[in-house]
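Here it is, the structure in full.
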């Protein structure tokens, strides 16, 4: 391992992570603006021109807010839970190929790495809920982890179709395999299952009952406050970015696009269109009841994903 | 002009590929640093005035009643077990999917048998009512 | 390159920790975890041998061991819960209904 | 590298019996969801097993051993004879357990499909020529048997038995895996014949590491067969489990354990006969001793039969210690006879069980001959055969095993074995004495069912036939193993 390689890896990591931190702040602002406009109001306007400085103001406020740790909480686990969440969320970035040849770690088990870390993220949810020792957070943590677990199977199975088409789990190979035509066309069922599973994985709107304000007072993060709560919040947005990145790489041909724009711009354009889809769904769809949500996950999506695998197998044989 | 550093080592058995996993280690350390750094920075500037009433678990105002970690329904245990079983099934599907073109007809028939047996288990669990949450 | 012997020593140490955990601990769940620990230590030594011998047989066996460990976990926890429903204790020395 | 795997359909033929049994098990799972009366599930189960039995013996027609899946699955006389034992075991178990399960209010459909999967596991173990296939067969059998033991969820005894059996079984399979990984590391292959070749090639026959790997494997199989240092679980689990499962478990997994022990020791470590014989001899002596002596002090008949089955494992182990193929034939012959007498004895115990009356204490058998002469006569035959008294087949089984051990030069072992079988005769005959000499303590009514009487008729008849004409069974065993 020559020094230059190590240096190059460090540069890449610092670059990607810092861009990602900026992204987290500004996508939250972007979300509030989009949902505001969708509901006929303006969204944050006061701080700076059109509220551009709002995210910076929020993060500074979070630094200064008091961090309350409930007396009956299980101290060590209470500290670790948000950090596991952030580590799981941010380190999935390592595998996403931003443009041809540029991804922090070009593992040949790219998809498995992302699935493994999204399983790790459900750890932080359970531990957070259990450690803060209050009814709301315990029940919220339990419910959202059960939901994340049951949709993770559907997500895993839907990606099997993509792997069959591309013949490799390495994300760059998958993008290169899509030169002939994006996988969205042959793998449409898999795309539908994957997108809905991603909504459930990141606890986003139609499936965010355990964290809903009206039901469980923001679920497992009830007892957290200040910076610790922000870390959970960052993990959720990291998950959202990575999953939409994965969707773009697996179904929409990653950085490939007509030549007049460089690869990375295409990639970011597609990712932000997906994130816009997240906000659009949040502003429009009502919330699922918990038993509908779980029943749907098990009864509909797993058979659908399996059917897609069998179908892809048949098509590829002919 | 940015330097395109295409770095892809062949992964034949026997050759070691520390470089990729090294960058994974680097990003994990970075993520941990972000988490700890944010909290540590907060600790310095944050006011600390804990008093009993503030440290009680949040019950939307009224004092907490009942034991928080009560015995939850067995449905969560069943979901966890089903997850373990079906995830291990997905694990078997991954290598098959990646090597699908090389296996041809035989590989396909073999995996259909595997999925068929799994579907029987799935139907059994469905009929026994593990999926409907009352 | 990490020499083979380190892996074998690691897996042997993990195996002994698992055996000790199985024999010495009182709580059923800790015993269950130590069994899983023993299975994982065997996985490590299998992968180490398979890499050293350049043959895939070891890794194929690791696949099956993972599947069996998952099935075992499912059945073991079901049995523990069935037992817990009847008499609410998972302390090993209270399970002495059937004495010799 | 292009790895084109074209495994022709011909390879599937040798495993048709296993495939049929698995399909029958799956059908039973689905049938159980539809049908309310569980007898239909049982009847379909027996029909399926008979189809698989027919399949085995259609393939058994041609003589030379068949190899499938690249040498991992071998179909020879040795494996086929064990499959005959497993088929008889499951058919007799289903026969005796139909009514019993209703009395225990545990008549689940899954009971029969789990029996199917457990038997498939045993069959895979019997014909495994590779450590991976062997491990899979063993785990399939063990996992389904854990659930069967703990089937009566409402009863704390059955739960406790399941916990003990599960934890010690999982522990022993971890040991087996460690043994497999050591042997794989040393020899580079997991196929039994491959291990034997590379042991000679690398001339590491007596090296400590090979010895360690072998010890780990013997420890694991010792757990499965309940040899002495690892038999602690057997009496508790046999007493706690439902009696029909105790009958199934005292024959099935034990026979599969012997099949696997025989194959591993004779195919993979033939050159180390001296070493593994020196390990097995003390274990065999201790097993016979513990089995016979502790059984004397038992008041619960299921626990007494548990210790007797441990003692019988000791006698069978002598067949393997002899180290010759004739020793193997005597062991397999003993196993077949052991199947009949053990299931017969447990069938009688099941007949005593009815609403609110456990029928497991020795006092319950007082004066049985006065109220039920036929049942007590059958029990007398089974007890004589277990003790090894001449007219019954038990004597034949023991006789041939002791003959082989003497031929192999271990004369002192045969003498010790005879001494212990004389000691064991005492607690078998005590039951006969309870039944015939003592007057009945309370009114005992037996619950009989058509299938139960068929099973009892088969077992009693077989014991008498093999006792009087031993050559029938012996020639079949010699033909299949020695060829």
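Just so it is clear, A, B, C and D label the chains in written order, and each chain counts residues from 1 on its own.
The rule is short, and it goes like this: a contact is a pair of C-beta atoms (placed from the backbone, for glycine too) under 8 Å apart; a residue touches a chain by one contact, two chains touch by 3 or more.
Every value quoted in this text rests on a predicted model; they were computed, and no experiment measured them.
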**Between the pairs B-C and A-B, the one where more C-beta pairs touch** = A-B
**Message:** Suppose each chain is reduced to the average of its Cα coordinates; what separation in Å results between chain B and chain C?
**Reply:** 21
**Prompt:** Once you find the CA centre of chain A and the CA centre of chain B, what distance in Å lies between them?
**Reply:** 12
**Request:** Could you give the separation in Å between the centres of chain A and chain C, each centre being the mean of its C-alpha atoms?
**Result:** 33
**Prompt:** Measuring from the mean C-alpha position of chain C to the mean C-alpha position of chain D, what distance in angstrom results?
**Reply:** 26
**Item:** Residues of chain A whose C-beta touches two or more other chains
**Value:** none
**Prompt:** Counting only residues that touch at least 2 other chains, which ones in chain C make the list?
**Reply:** 71, 78
**Complete:** Contacts with two or more other chains occur in chain B at residues 87
**Prompt:** When you check every pair of chains, which ones turn out to touch?
**Reply:** A-B, B-C, B-D, C-D
**Asked** Considering the complex alone, what residue numbers of chain D touch chain C?
**Response** 131-132, 135-136, 139, 143, 146-147, 150, 153-157, 159-164, 166-167, 170-171, 173-174, 177-178, 180-182, 184-185, 188-190, 235-236, 239-240, 294
**Fill in**
So, in the complex, the side of chain D touching chain B is made of residues 2-7, 22, 26, 29-30, 33
**Complete:** Given the complex, residues on chain B that touch chain A span 4-8, 11, 18-24, 26-28, 30-32, 34-36, 38-39, 41-43, 45-50, 52, 54-60, 64, 66, 68-70, 72, 75-76, 79-80, 82-83, 86-87, 90, 93-94, 97-101, 105, 108, 111-112, 115, 119, 122, 126, 131-134
**Prompt:** In the complex formed with chain C, which residues of chain B make contact?
**Reply:** 13-14, 16, 74, 77, 81, 84-85, 87-88, 91-92
**Item:** Contact footprint of chain B on chain A as seen in their complex
**Value:** 1, 5-6, 8-10, 12-14, 16-17, 21, 62-72, 79, 82-83, 86-87, 89-91, 93-94, 100-102, 104-108, 111-113, 130, 132-139, 142, 146, 149-150, 152-153, 156-157, 160-161, 163-164, 167-169, 172, 217, 222-223, 226-228, 230-231, 290-291, 294-295, 298-299, 302-303, 306, 309-310, 313, 316-317
